[in-house]
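Listed after this line are the structures, all set down as structure tokens.
Look for subunit A in each of the two complexes below; its partner is subunit B in the first and subunit C in the second.
What follows is the complex of A and B.
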């Protein structure tokens, strides 16, 4: 169809044969920069362009604070940022948002799809809405704070860091968790902490069913200090009364089998 | 026939630590005064210790050590650690190691980083960028197959 004269026509991005990868890797350079702050509208930009713009601002322009307007639930935004900075997404993100980061403090004002903060090494991610399944999958360090609810398998294979939700979490939360902490203020679905190796899960509401080898733990002063510090840091109000769950350590004989394997989960 | 515990295999490394990778010790492994001034809160994102919360004092072959996840190796600590400050000291030694660029994982970035990133990671402001012109290594004498 021929474009109608006088009507603005958006140029279609050139994609690979599968229609998944945009081939043009040029940087849009459209952000409004004010000192160390920047802002740009992602409404008509593809995922690759948005991420390229973010990296250009943070790595090459020395920007410390970026606001992205209209992320429109695109997938894989804000990934692999390896520098200290602040990023604010005004809206929702799709799946694999803000994965593989090391250093940024990110605020998402909407919701996120599955696997937010996947493999985060360090940093902070605060989500004002809900998060899909696999939030904090393989998390290595840093804090993931979700003010809404979480989907299934939150913190699967978690190896460090802290996941906090003010809402509920679905089934298999903390599945195969190896280290780190989860603070679930609401209810939790069945299979909590199933096959966990280590780490701690705090639950404020009802637990539908514990997973294999997940057992109640003894509360200590260190738990009180941790909970108080995290709630204070993120201005989450008064923490609810929490139950603590840990690994029963009946499921595996990890140390006697292969001591050097311990290093791999640190 | 030699017994198994008598067989020497010097090329077989069963425990990798930072000294093995770098070939030397660093001052902050031997002198507590070299790390006392490190501000852990300033070096980590957010309002608290963030990822350092998971870093604790461990032990490697009987020596106190901290694990450097960026090079998958232990960094041994040879000075006396004051009681009650074990984890704090471990974190400070680790950060001294990372911010100085001595971590083996950081040293590898210059050659192997495939996309732009600060060489010294997120801890050092103004660190130079690396990985901006990565090219796949070519094995000498190797030709791609004809198919």
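What follows is the complex of A and C.
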């Protein structure tokens, strides 16, 4: 693969009138491109440069498959990508990784910090290691698959999509969840499903304590089909025996319709 | 939001460049707190003590400052000698002193004698602990105090974003657990019952030099240990007795421990193997000192962990 001739990277920061550094948003254009595939080393690049390179490859060069080497746990990488493509991060991401995306299939070979996949609309994120707290916060769609453990408040305010972990999850998992599914193969901490409005949480291990208005649900064939399909799709092996938890609706004072749906009903 | 970090080389691995390590870790988290940076560095233990003393705040409008600080230096030295200290070396900057000395008396009496010199605060005291803190980012403070050459077994650090109290040295972390030698704490979070604990500990004879809620954690833990509890037992007690959101790191002469509140509200990423334990508010800090692919995890709510050097 041949490197594309790129712009000269300006090493000296530009300063504005107040003497503050102006962030350099020029595109490095250093990726090695081969057809619809590309790869670049992020080791010595800033977060802004890495994201600019990604966007340039996907939106302007028509690349469908990008590999990013040495992301080195930097924050906010791979955010706001709104296109069908594959991205592979060889290493770990920091906080707010791959948030606000719509469409990509992303594979992270290391771990991720807090708030991975925040507000994902569609797509797939697979994390080989652990994830920090707030994984899948306000998730709207798509699948977030974590092979390791999850931190606290997983899927807080989740409004759709599926979160799967082969490991454990910490406290307040599914807090204020409104829609979607969570499949936790290991143990979960206290406050499971606290104040959830709707949605389903499956747990394979021990539940330290249920949250307010979270109750065991009745297992149906649809649950078996969903679990089997998801485990098969991501090659996760045989699913463990799972318990199902749903909202008890004792505190239920709201409907579950989106504003657009409400108009249709009216 | 503040950033905290800790590193300890285990199993008698000997002294390493913990000053350089902690500088790199804290600089990587500069964005979490640009107001001040503090280091708690642990050298190998020997027979002598080392005391770090603040003579003036970072910003003081005193026309007579230079002469005043010199008078403080002279008075501190005289008081220490009068208390029986065998002063072996004195270093420092224009607003601090680092005094190496031999002593076999009551350290609290000695610290109180030094602090009775007006405008003076003892930042740290012990056979191993040296606390350095000042305004600016990690590299600024490290350069000013020549910390990159500091060799030791473990260290903690703090990049501060002031939320509860002023931007000055007195309110910067780490906090030494006056009057207990070699105990220090860095904290990320807010304590909501710190007035209650401060009153309680003040009644027991402890002094507080700042308005910062974090200062009570150090004294609280040291007080528990002085009653015979281990570091780990004291930290476990804190989970229910301290109210608020916190992740804190406490260090003693031989050990480094971390505790997270019952909600897991503040971040911490942990790496551990047989040789080293490194922990920080963000993984990016740990990667500054471990230049290889590493597997890390987030301790859960209510977890307490302690490692020895």
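Operating definition for what follows: the second predicted complex is superposed on the first by the 232 of 266 C-alpha atoms of A that agree within 3 Å, B and C clash if a C-alpha of one lies under 4 Å from a C-alpha of the other, contacts with A are read in each partner's own complex, and residues count from 1 in each chain.
As a convention for this text, contacts are C-beta pairs under 8 Å (C-beta built on N, C-alpha and C of every residue); 3 or more make two chains touch, one makes a residue touch a chain.
Everything quoted here is computed from the prediction, not taken from an experiment.
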Room on subunit A for both subunit B and subunit C (clash or fit): fit
Subunit B versus subunit C as contact partner of A:196, first or second or both or neither: neither
Partner chain(s) touched by A:207 [first = subunit B, second = subunit C, both, neither]: neither
Partner chain in contact with A:242 - subunit B first, subunit C second, else both or neither: neither
First, second, both or neither for A:122, with subunit B first and subunit C second: first
Which superposed partner A:161 touches (first subunit B, second subunit C, both, neither): first
Touching partner for A:83 - first (subunit B), second (subunit C), both, neither: first
Partner chain in contact with A:143 - subunit B first, subunit C second, else both or neither: first
First, second, both or neither for A:229, with subunit B first and subunit C second: first
Which superposed partner A:102 touches (first subunit B, second subunit C, both, neither): first
Dominant contact partner of subunit A by residue count, subunit C or subunit B: B
Closest Cα approach, subunit C to subunit B, once both complexes are overlaid on chain A (Å): 25
Complex contact set, residues of subunit A against subunit B: 55, 59-60, 80, 82-84, 102-105, 121-124, 140-143, 160-162, 179-180, 229-230, 233-234, 260, 263-264, 266
Residues on subunit B engaged by subunit A in the complex (per definition of touch): 14-15, 44-48, 50-54, 58, 67, 69, 72, 74, 115-118, 121-123, 125, 129
Of all residues in subunit C, those that touch subunit A in their complex: 262-265, 267, 269, 282-284, 286-287, 293, 295-298, 300-301
Subunit C-facing residues of subunit A, complex: 72-75, 91-92, 94-95, 110-111, 113-114, 129-130, 132-133, 148-149, 151-153, 170-172, 189
